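For reference, chains read A, B, C, D, E, F, G and H in written order, and residue numbers begin at 1 within each chain.
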Amino acid sequence: MLLQKSQTLLFIGDSITDCDRAKPSGEGLFGALGKGYVSMVDAFLQAVYPELGIRVVNVGSSGNTVVDLQARWQEDVLDRKPDWLSIMIGTNDVWRQYDTPFIKDWHVYADKYEVTLSQLVERTKPHVSRLVLMTPFFLESNKDDAMRRTMDEYGAIVKKIAERSGALFVDTQAAFDVVLQRLYSGTLAWDRVHPSQAGHAVLARAFLNKIGFDWNKGL
Amino acid sequence: MLLQKSQTLLFIGDSITDCDRAKPSGEGLFGALGKGYVSMVDAFLQAVYPELGIRVVNVGSSGNTVVDLQARWQEDVLDRKPDWLSIMIGTNDVWRQYDTPFIKDWHVYADKYEVTLSQLVERTKPHVSRLVLMTPFFLESNKDDAMRRTMDEYGAIVKKIAERSGALFVDTQAAFDVVLQRLYSGTLAWDRVHPSQAGHAVLARAFLNKIGFDWNKGL
Amino acid sequence: MLLQKSQTLLFIGDSITDCDRAKPSGEGLFGALGKGYVSMVDAFLQAVYPELGIRVVNVGSSGNTVVDLQARWQEDVLDRKPDWLSIMIGTNDVWRQYDTPFIKDWHVYADKYEVTLSQLVERTKPHVSRLVLMTPFFLESNKDDAMRRTMDEYGAIVKKIAERSGALFVDTQAAFDVVLQRLYSGTLAWDRVHPSQAGHAVLARAFLNKIGFDWNKGL
Amino acid sequence: MLLQKSQTLLFIGDSITDCDRAKPSGEGLFGALGKGYVSMVDAFLQAVYPELGIRVVNVGSSGNTVVDLQARWQEDVLDRKPDWLSIMIGTNDVWRQYDTPFIKDWHVYADKYEVTLSQLVERTKPHVSRLVLMTPFFLESNKDDAMRRTMDEYGAIVKKIAERSGALFVDTQAAFDVVLQRLYSGTLAWDRVHPSQAGHAVLARAFLNKIGFDWNKGL
Amino acid sequence: MLLQKSQTLLFIGDSITDCDRAKPSGEGLFGALGKGYVSMVDAFLQAVYPELGIRVVNVGSSGNTVVDLQARWQEDVLDRKPDWLSIMIGTNDVWRQYDTPFIKDWHVYADKYEVTLSQLVERTKPHVSRLVLMTPFFLESNKDDAMRRTMDEYGAIVKKIAERSGALFVDTQAAFDVVLQRLYSGTLAWDRVHPSQAGHAVLARAFLNKIGFDWNKGL
Amino acid sequence: MLLQKSQTLLFIGDSITDCDRAKPSGEGLFGALGKGYVSMVDAFLQAVYPELGIRVVNVGSSGNTVVDLQARWQEDVLDRKPDWLSIMIGTNDVWRQYDTPFIKDWHVYADKYEVTLSQLVERTKPHVSRLVLMTPFFLESNKDDAMRRTMDEYGAIVKKIAERSGALFVDTQAAFDVVLQRLYSGTLAWDRVHPSQAGHAVLARAFLNKIGFDWNKGL
Amino acid sequence: MLLQKSQTLLFIGDSITDCDRAKPSGEGLFGALGKGYVSMVDAFLQAVYPELGIRVVNVGSSGNTVVDLQARWQEDVLDRKPDWLSIMIGTNDVWRQYDTPFIKDWHVYADKYEVTLSQLVERTKPHVSRLVLMTPFFLESNKDDAMRRTMDEYGAIVKKIAERSGALFVDTQAAFDVVLQRLYSGTLAWDRVHPSQAGHAVLARAFLNKIGFDWNKGL
Amino acid sequence: MLLQKSQTLLFIGDSITDCDRAKPSGEGLFGALGKGYVSMVDAFLQAVYPELGIRVVNVGSSGNTVVDLQARWQEDVLDRKPDWLSIMIGTNDVWRQYDTPFIKDWHVYADKYEVTLSQLVERTKPHVSRLVLMTPFFLESNKDDAMRRTMDEYGAIVKKIAERSGALFVDTQAAFDVVLQRLYSGTLAWDRVHPSQAGHAVLARAFLNKIGFDWNKGL
């Protein structure tokens, strides 16, 4: 387990991270962490490692692209001084190119995505103990699908940045691809983007496995 | 134009037909016909052929399969004595096999679909002037996609029944496939099932063209 | 078809244009374009000319007169830099003279209407490719009706400005008059102002015909 | 003043009578009589003739035609044993012929209107002290308007029945026509049917004048 | 009739004047004038004197005392430049002394009431054609009741100011006292303050009689 | 203290007893006993005599007269088998005579009130340990007020029945009269009927004093 | 893994099982399984063992005791013909003895609990492949706390029945006690009954471990 | 009785004081004082000592700690110039240490609590006639419970400050402990913090007894 006693773990991202978290600050009781993978990660950390006392905070925001993250980075990331930071962004950067193709102001293309995410990572590295970079994903098993291809391209950018910066890298698309061999994409999400609880379990499991979580601890 | 003065045209189907129509009877003022292709068909009939005085009625119901249609056929179709009947059903019959694959009671497989739809058509033919059969569709351009393959199979059944029964046949999938050559499926529908207004325009146009609607009438 | 690839087409007007569009910006998914003729125009453009990739934006606002348009022209028209602009205004300028005759501050009389609309047109011409001027209308077949007479006067002003400025001119009143020969005005609108979907089809059809839309394209 | 101490005065009709009255019984405190002419009649009776102690009851129902009245006559009129009964019906009988001309089941034509209203009057006469028949009306000053012509025809039927049965006759259309010489119809009602408070004042005044109400009593 | 063609008549006061009027400006369609005596006055003016074209505006506000009126006098009275102004204030000035006797900051005693109302009247006289002063009232027939005694004292102040300033004086308490000889106070208002529609008819009638309204005009 | 260990104490009455209690059964957690004197009685019994374990149940119902109680007596009183029963009824029996004087069906006059209440008491006596009869009251200090006089008459009937039947008698009017010497009636209730929390404290105190509650227990 | 391909797994219980599941049938998309341990179990089964195709159904109901289960056993358990059945009941049976101690009808004492649960188990055994019995629990670390003592007693009954019937036994209290050594009870639940997501993770983990779930499958 | 005629008594605290009071100022009619002990204190003061005319004001705010009080002290206490001030604070200062132990910014530890409360008391003493300090409490009878131990420590601090400053001291924990000998803590509050009406009666009684309230006055 890489997390250490009393550390703060902050998650930032889009609607998949947000999942109805409390505003302005996603932490505390009464479902403040939302209904997605962040809440599951917190639940299992607290249930299995209560002695660590990890403080989990969710500052995901629905509809965000990496450009939106940049605009609120100081307030929502740096000012909160987390020990760990996990970023999963890119869904909307890609999706707008496919669901509203004619509104080009809403698109964030790969070059801008790479530059912006890189800058955020570099700016943040000195201030945190560990950084986790999670790829965006598309719940479509057909790798020739146009949007899937673009999403894979963005995932490759995340991987490159992770390697360059020494961040932990979580390949969410790879984790989903295992399941998509057995289940039709529509079983996990009607829109191929917002996953069911099963999809969030895939995400939480991929994250926890990466940080050395021992599922059999105490058994 | 195949429709004749003062005829009643009834549409039955699932959520794509329903589109928030008034309940229990989808006809009259204040959006009673819903927000989809049925309302568009009615709007253009009234705008371009006001002298015909066509009465359009929408009895689509969200979530319905052909088995659900069967259960309310007497009350919602035969008792209303329409001159024309248009049926578009099958989306849910197929979709449940893909979004809730483990709940098999909710699936309507191809054999049951064919038998049931055939019976409804045969039972109704003597009572109406004209019958229109519209295929179900899936807004996915990849014809090897599992659900698209199944949907195409159901579309073929509709075609077969239309030919056998002499009904007018509207190939909605073919109409969409033209558009999908240019637009990504997600532009027309996040879930590849419930179309945007543009998708409903495709449906309305396919329907109207089939019944001999003259778009340039009066120009 | 006068529209060219990747152009932006902006509609401004009153409640007939607004029709519950998204605020502050009427474009994108989920019915953002409202439920009226603007949404229909967009739907048919996308369904029939998907290869053009036209971006349609709706900035109509309920209750607006030409004076209200003037107040938000910079922000809602010029700053958005549309290629095409369509204006349909005047309903409330006239209507207030008839529904609240004693509240004279709310009336916009013909001289002020003409001056203001002219100025907006002149100010905008250098910045757009094409301008469309649609007349206001009143769904009353009796041309001796007082409010109909006034509305016709405002329509004539629009025609004059269109001619002077070289804008495309859409005579919505004429389009409706054809239908009103067959249908009682109350069939299209209880209040003779806010049309049913059939009325919006009349408007969309008049607009599309004027810009060279080919209804039979691809058939 | 024709009303006598402790009498009950029942009003029946459509939405113009209903006006959000309490259900199931429109009498008592807290606006139970609705917001229209019935409430005004009650208010002035109580304010000017408090010593009479007149009990006013409103059983108007939105959307009703004379056929709907017939269906609830026993329960809503006869069982309540009023001393006076006032009927104003016919708006919807006519309106449906003009706003939904293709849905003929919803129309009540003049012959059926006359027969049904006559029967109700004859059936009720033996059980009440006085009967008041108010004409339906249409807030359109152009007597050549199609719907106005039909409404006048229904008003003439009411007059004929009133004369035959000895009922008090209130010509609401005539009362409105005086005002329509000065005000455009749209000032009184956007839809020419549901009047403003000013329109309800016209109705209340016409009713009260007919029953001998002395506006200057006590001055 | 003292009102002249095209004049504006503004009403200011507390909840009895307000009665759910539209905010910020109580004028126009759709019940903007509220549900009380102001709306009734407007309705009868328009119904009986449509040729005068009187513009009625309601700026009453629930809970107001004369001190609250003072705070918004410039904006809500003077800036609106009415021809006529009608003031009915004092209910809350008195009531708070009786319903929350221990919260003395909320009371407006007689001396402050007189000085403040006087100043408002003097400040306004030069700017309006006519001023109407209506007394506050308490729907309690027992003149020895403590709150009734105080309310009568405030009514006497209004009378004194009216006489001094030449304003038209409407003695609402006297008008109600006639009715209270026949009806128990609780019939007009559970709380002896907010009248039923019958109570508002008493107020409207007292106002209209004072300005020379002819109830039998046109008969 | 007359109450004994583990007894059930049931309260029945009108809105003053009801006070938003849970339906269908007013007992248990989360404010199920309502917000009035019943809840206060329960709170002080539990706070001061926790060792008694008294089960308090509230079956008051807004708007009820003694005739309404009679209709639900078997179900709401006898079937619940309480050890103690407290009845406070009569407010609406009297009030309807004063707030809706012309709707005589809604009045319950003194003779009917006496007979009905007597019968309920006699029918119940054999089944309960103790019966408490509380008078209705009117928060008006003027004993010559018409409604106060009637309410006092009904209070006298309650006293007579209490004496005859050996029930404990709580003179709520007398308890309020002490307070009304100091406070204006409107301080306790705008409508002189539904008391503030202070009024409910008067009721709870009168009830508890009658059953031998020791306020200083344990001090 | 004890579960086999295509089996149905039904959960029944009280609010801890219910957690806002869909009614009447807790299965399918859109959070139909609720927000608690049942949903987590399903999510991990689908994420880790998609090839098994387990159908999970939740028929928990808030507030239920074992007596309530008995009343709906035929409809909600037997008629659904599950392969596996998991029961967790007893919280309310015990809690009512402590939160509403005076309302004895609401308590289910240990003897009745044991008899009823035993009968349900015996009646069901022949119809299911496997039965899982989960103890109720109380999130209080002090084993001398009165309610904890009682809850432990009910847990012991569950254990006894599980042993007798050969059911799988999940000791939820033991699982929680491990966590309660580190976390104060109030961290898991303000009311010591309804757990946070962390508490539901404890329950899901205890259940899954018992049925042979391999957390590291596929890694 | 220590309170004197016409004094103002202000209560400040957290949710137990707040109890849904009116905002921004908790005084006046319609439940403005909330639903807890403050409202009960006011009700009994007004019911038993109406001649004193005590003005009770509630400025409690849910979720407040002593640090939150400090931030609004000038506005909510000093500017209101009360004669008496009652403070009950500390619940959240302690609770956050136990329900969200990992979010340390939300905790107010004993030293900060003592310093802050002391300062507020010293700053206020010169401006008020009397000061009442009520301890926070925890509805848990087990004095070895961790949170109970901490709460007792905070109670001891309140006692020390009361003694030092000459404030009246109300030991709410002691008052509850008497009841907790008879009732399980869960009967008074599911969360052991927010008491039922019975718990508020304990608080109101402890407060009133301390200020010399005579429960038997006037009997």
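The rule is short, and it goes like this: a contact is a pair of C-beta atoms (placed from the backbone, for glycine too) under 8 Å apart; a residue touches a chain by one contact, two chains touch by 3 or more.
Which chain is which protein? Per UniProt: A, B, C, D, E, F, G, H = Lysophospholipase L1-like esterase.
Keep in mind that this is a model prediction, so the values were computed, not measured.
Steps from chain B to chain G, minimised over paths through touching chains, total 1.
The best fit of Cα atoms from chain C onto chain F calls for a rotation angle of 180°, in steps of 5. More inter-chain C-beta contacts link the pair F-H than the other of F-H and D-F. Between the CA-based centres of chain A and chain C the separation comes to 45 Å, rounded to the whole angstrom. The distance from the centre of chain D to the centre of chain E, each centre being the mean of the chain's C-alpha atoms, comes to 32 Å. Each chain gets a centre from the mean of its Cα atoms; for chain D and chain G, those two points are 63 Å apart. For chain D, the set of residues that touch two or more other chains comprises 29, 99-101, 183, 187, 190. Chain pairs that touch, as defined above: A-B, A-C, A-G, A-H, B-C, B-D, B-G, C-D, C-E, D-E, D-F, E-F, E-H, F-G, F-H, G-H. Of all residues in chain B, those touching chain G in their complex are 99-103, 106. Of all the residues in chain H, the ones that touch chain G in their complex are 95, 98-101, 142, 144-147, 183-184, 186-187, 190-193. Against chain G, the residues of chain F that register as touching in their complex are 6, 27-29, 53-55. Chain contact summary for the complex, chain F toward chain H: residues 29, 31, 33, 35, 39-40, 42-44, 46-48, 50-51, 178-179, 182-183, 187, 190, 196-202, 205, 209, 215-216, 218-219.
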